[in-house]
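There are two complexes below, and they share chain A, which is joined by chain B in the first and by chain C in the second.
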Partner chain A sequence: MNRRFAAILAACMLSVCMVPAAFAAEKSLVIGLASDALFMDPSQQDETITNTMGRYMYDGLLNSDALGLPTPALATSWSVGDDNLTWTFTLRKGVKFHDGGDFTADDVAYTIEVCRTSLLKNFTASIKEVQIVDPHTVKIITSVPTAVLLESLVPLRILPKAYRTKVGAEKFNQAPVGTGPYVFQEWIKEDHISMKANEAYWGGAPKITKVTMRPISNAATRTAALLTGEVDIVEDVPVRDVDKVKGTSGFAVVDRPSERLIYLHVDANRPKGAGVIGLDKNPFNDIRVRKALSLAINRDAIVKMIMNGNAYPTNQLVLEGRRGHTKKIPAPVFDPAEAKKLLAEAGYPDGFKVYLDAPNGRYVNDGQVAQALASQLTKVGIQIELRLHPKSVFFDFVRPGDKSSLVMTGWSEPIDVGELGNVLFYTRGKNPAKGGSNRGHYANPEFDKLLDAADATADPAKRAGLLEEAAALIVGDRGVVPLYFQQDLYGKKANVAFEPRADKSILAADMDVK
Partner chain B sequence: MGKKMNAFFRSEFFHNFVRSAGAVSGLLIVVFFLVMVLLGPAWTPQNPYDIASLDLMDAYKPPLWMEGGDPAFVLGTDEQGRDLLSAIVYGSRISLFIGVAVVLLSCVIGTFFGLIAGYFGGRIDSILMRVVDIQLSFPAMLVALFIMAAFGRGLGKLIVALTIVGWVLYARTVRGSVLVERNKEYVDAAKLIGLSPFPIIVRHVLPNVLTPLIVIATIHVGTVILTEATLSYLGVGVPVTEPSLGLLVKNGYDVLFSGLWWSSVFPGVFIMLLVFGINLLGDFLRDEFNPRLK
Partner chain C sequence: MLKYLLKRIFQMFVVLFVVSVIVFCVMSFTGDPVLMIVPPTATDAQIAEARIALGLDRPLWEQYSVFLGNLLRGDLGVSYMFKRPALTLIVERMPATLELVFLSILISLAVALPCGVFAGARPNSPLSRAIMGGSLLGISLPSFWVGILFIFYFAVEKGLLPSSGRGVTGLLFGVPFAFLTWDGFRHIILPAVTLALGTLAMLIRLIRAQIMEVMRQDFIRFARAKGVSWSSLLFSHALKNALVPVVTVFGLQVGSLIAFATVTETIFAWPGMGKLLVDSINTSDRPVIVAYLMIVAAMFVLINFIVDIVYTLIDPRVDLR
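So, the complex of A and B:
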């Protein structure tokens, strides 16, 4: 009895001592986002803001760095067995969930089980079995060698098995609990989410103690909210507001290359061009025509004039540092004279007519970019009839089928060229899991072979080599014509220290307010 | 002809016209626009609808008198490197063409139904006027927006949509006038000598209801041009590669606050001028032809 009393007394004294200290260090941050999170439970959907919440309140076995490369988190180390299928993960000890429960291997197995049946099931598809060796060791066995296993473990944010099974999935989404750097406080839908720092975080307590996220869907309103001081940092500053924010003292704009590549999908393969006007054949079958296509485009002018400089002309498929970005692909060249010559050589001295299908309002200034492309291509003889589609019907229209031969569109690739190629450029019909969005009907057995080989290895370095080859092959073949990477733009108060991330999450745990 | 002209110059109408500053300036503005658009392709430095003639590197050049202005682009350029002056001339052409085409079509359709409804009365009248009532109970812009959203962009579609919205005005007005006219003695006389309804309507009633039509039609041209501009501004009007004045304003609006004011202000000024001129004329005609003001 005495000992218990002493403990309570000690606790009281401690808290009395700590309160003023905590009070002095109170730092808060209000974040203006383009939309609200769909869920607080990160296992329910793969969506940007929901994923961001997953970063605040939860950890994965692995987290990811600013570029998106996996880093140790709840797993401190791992190894692959000789069979290339069995991965052994050593778990971090002494980690507690926000409700006080211990984090163990049970939670890992539980999380993977939950995600198998949720909208995150594509990340668990390669996992055959999870074996709990001891409370701090798990074995994950894949059905085939999987080089992207680490990347696909990042979105699986670890759920507290005991708590979530006790309260049920519905209630858990309203009062979530994780191991992450922030603790959930309140979520008023479409108004705000508030969180406070997890002082006991295994990675060290965050410097910012209180975070509020506010969804502000209208871009101009978001900029205004920043400039009036209502919020401290906003995402997706409109290109036209950049100069205004930069010009206001006490505010700054930060940017980084976005994962989103804008590119042309060319129908290089089929004998008849669905979008070609007045010809009974498909001029894009000829590589000289496809080369002319790329040569005719002045990417620098598009970026400078239409994007106000806020984009990065490229010939690559993924950002630098990711697998498949390669020096083997030369920088894009603008040479309309050479383009005309190639067209003439291919038998089109007077050019030909073709539809260009592009979205209007899906990507930054996409309609204007499409107009500029139409003008530049028409000048060399690829006479463009522009079809701009509202974003609600665009993807339906350009679904692989018989409507278009030339599509301007975008793709956000979080992992590597292998994942991108499997969806966008793998021959249709060969493998039901691949080539689903191959809008250009690209078909190149050599390319498919490289992707299959990359998927059959568990060694990331070997995979990187294969993917570099694949990327160089398809860009060299002009099966795809990359245009530029978009730029992510953030507006912030000057006293906020912030480094943007490739996944667009604004993570208060990595930030500070001066 | 000479005699008629002479009579016209000595008429009260002409007398009032030359003494009305508003009417004369309205006419001058409209004539200015007509000359500009009719001669347009002959003198504009660029064909803004020929996408191959545009150079992106010319984008957002300021007007001639500002620093960085280019003599080739007197009013500056827009985001695609279009010469604004040329774009405005071509855009005004589209605006005026749509205005006149829609008014003619609406006028013919509306007058036809108005004459029938007014002259025959009874069930035909009830049905036609209920249709008109229903349509008038929706804002014209809403109906046009709905039609355009359903059918997509295009000049022809725009004309059809605006005609569908516009004919009810004429039907309603003509019917009203016909109701008054059909009980007059000259109509009874025509019936007595055995004329069938059709010649009576066309040769005797129609000329007597033309006056209010002229007034409505003039003002309607201005309304149609504004509606077209609004629809294009909202992104459901003309195709993006063939901008009208409204679409030019919209494109320029995106960069208005970044200091590139000219690409939305100039087209806006031209819309305003054109509609202003037409309305001045329309006002004068309304005052002239309104028997209550005599």
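So, the complex of A and C:
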């Protein structure tokens, strides 16, 4: 570098440094995201970026902290009646929507009604009735005792009844109004979303006054935009760029375990394996075969070789701190010799052939992970024919569970093992609300009973105990073979103070720029 | 002329009809859009309900006839993902793509015409060989690779240009365009050059081949003997006669740049309509995919029509009847 260029560079850097000094009151943050939001109206879709926008511009009755645990927001306190069904919420007084309208119980009832009629019924599935007691008290009546009611109210972001009914849903989505810490300014599709701080926010005005979100879907470009300084923080740093960002002075990489578990669905109970090749029976009926399956997998090697160390091998179903994470489940063991022995004992000394169905391009490095699994399993005798599907086809293919006996997939569970178990492992056909994505047709009455008991209580501690039992039962039974938790990776400038959250949202309201 | 025009318009409708049938059939083989829309926790009842709400429970031919009926009223359907009219989604993103494509076309013409003519007129000069070597690179290097290389060299290493996005836009007739502001112009340079490279290289090779052929013909020798100046000989005598195939290819190229600037847009996070197509394919958002391809088909038919008109201007012997 010649001297003149160095001088110019120094001058540039100096002027960049001077900018924050000149506008001390203005703190701005540019966030590089992997995709654009689908909606600004949080009642329309349950999707990561849309949910993040729901955190910026709106509040729920409850919000959640970095671990995902519910905290008081528009509701300041609550209590459950003796029937375990009637929940009374006291609402925060003096809260105003960004358009100046007052927040009242009417808005709560309206929001629940909107979600009920949208395709997002899961947000309100447990709610039977909403009663407005007075402008600052609502009663929510659930159809059955619901221990997860508080958690399930978090994604229900409160909409302004007066404004939304006045302008209509379409206009509202383009010019949204909420009570949240940030006020909507502009949304240029696929280019940027800009917001400014809500100075009158009930939780105190955010330190960062101006936020711009930029969708940059190409991962390498996102890294480049961070390194040029165009954005202050990015999500989903690709594994291959981690060292580069870490090695550049003035930048840092932050990580935390993701809620997303990658695991295998096993066809444990049906007499004939839909994905088993050339056999008239289902080898996975035998627990020894299922044990061999788990023993044959070297999770550490997969994480090290394919994920560059950026994942967490596990035998659990949910992250630590969530109900159903339990010490009763031992850490996974890798023992191919024992696996071979168990297969031989079960009557398969020469192994057998089976399809492994996995997505390609849905999860981080999923195709490569599936290939590694195929080779590890084939080594002990579970000979894998790999079927990789593009993500738009994959879920369609595996949902009915009629074409496969072994499926590698992922699940991101924001609440607890009960919610996960109800969707993924509850016996199919017993309860129309449960077991819809039970791709392995796992059927275990004892497991179902524990989940039902957990759902029948409104006491979170009791529920936690039941779910720990349920988790230990199904993992011990190898009805599911957990592989690893993914890792959320963020790249940021060193001057950005940021604590990653379980729900993956980058929330400027909790951040600062030094 | 009028008869010709009517014939072309009729042809256009036939093409669009065929395209719509093909697209509709192919779409039904891709993933189930319902599972992309409902939350992963949805029960079978919710999925069935969503399927009915989207009209996907009906047989394919019925879905198609509904689509066709709506199309005749100018309604291209509503996106499953965005719940907004597909046409609005596309039109919203179109100005960004159009300005990117037109700038890259300007760049490729500005470079390809002089380079191609020169390489054709003086095929043995070292400069011509360099041009041809460069054009071979331009054709063979994939644009996603060139784009990333540009970003890392010009944005990250040298800090000369921004890496991505559209920057500040200015309004022209109420439509936002980036090239109207200095910041926006800086943002458009890298993607426009990346997008131009392939077209540019191909045009150079095509123009060169045509010029070489024309230069061998008698009328060029006569013109030279008559004492026509070198530049006039090249650009008015030779180039004009070399242009007919060039215009054909150029027209098709313009169409495919507009339709499929996808890769470049994704790499540079350029908020154009190409990225919408990719996202829609990933989420099986059929109405958007169908609307997009219909618009693209219409555009190609239109461009070919314009190309035919241009033929008559270049070469009076061409008769449209």
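The rule is short, and it goes like this: the second predicted complex is superposed on the first by the 490 of 514 C-alpha atoms of A that agree within 3 Å, B and C clash if a C-alpha of one lies under 4 Å from a C-alpha of the other, contacts with A are read in each partner's own complex, and residues count from 1 in each chain.
In this section, a contact is a pair of C-beta atoms (placed from the backbone, for glycine too) under 8 Å apart; a residue touches a chain by one contact, two chains touch by 3 or more.
Just so it is clear, the structure is predicted and the values come from calculations on it, not from any experiment.
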Superposed partners chain B and chain C on chain A - clash or fit: fit
Partner chain in contact with A:His192 - chain B first, chain C second, else both or neither: second
Which of chain B and chain C A:Ile384 touches, first, second, both or neither: first
First, second, both or neither for A:Asp243, with chain B first and chain C second: first
Which superposed partner A:Phe334 touches (first chain B, second chain C, both, neither): neither
Contacts of A:Trp202 with chain B and chain C, given as first, second, both or neither: neither
Partner chain in contact with A:Ala372 - chain B first, chain C second, else both or neither: first
First (chain B), second (chain C), both or neither touched by A:Ile302: first
Partner chain(s) touched by A:Glu419 [first = chain B, second = chain C, both, neither]: second
Superposed model, chain A: greater residue contact from chain B or chain C: C
Shortest CA-CA distance in Å separating chain B from chain C in the superposed model: 10
Shared chain A contacts, counted only where both chain B and chain C touch the same residue: none
Chain B residues touching chain A - in the complex, by the definition given at the top: 51-52, 54-57, 59-60, 79-81, 235, 239-241, 251, 254-255, 257-259
Interface residues, chain A side, partner chain B - complex: 240-241, 243-244, 298, 301-302, 305-306, 308, 360, 367-368, 371-372, 374-376, 378-379, 383-384, 386, 388
Partner chain C, residues of chain A touching it in the complex: 9, 12, 35, 38-39, 44-46, 119-122, 170, 188-192, 214-218, 220-221, 224-225, 227-228, 230, 390-396, 399, 411, 419, 423, 432-434, 436-437
Chain A-facing residues of chain C, complex: 30-32, 35-47, 49-50, 53, 81-84, 89, 92-93, 96, 148, 151-152, 155-156, 159, 162-166, 176, 266-269, 271-272, 275-276, 279, 281-284
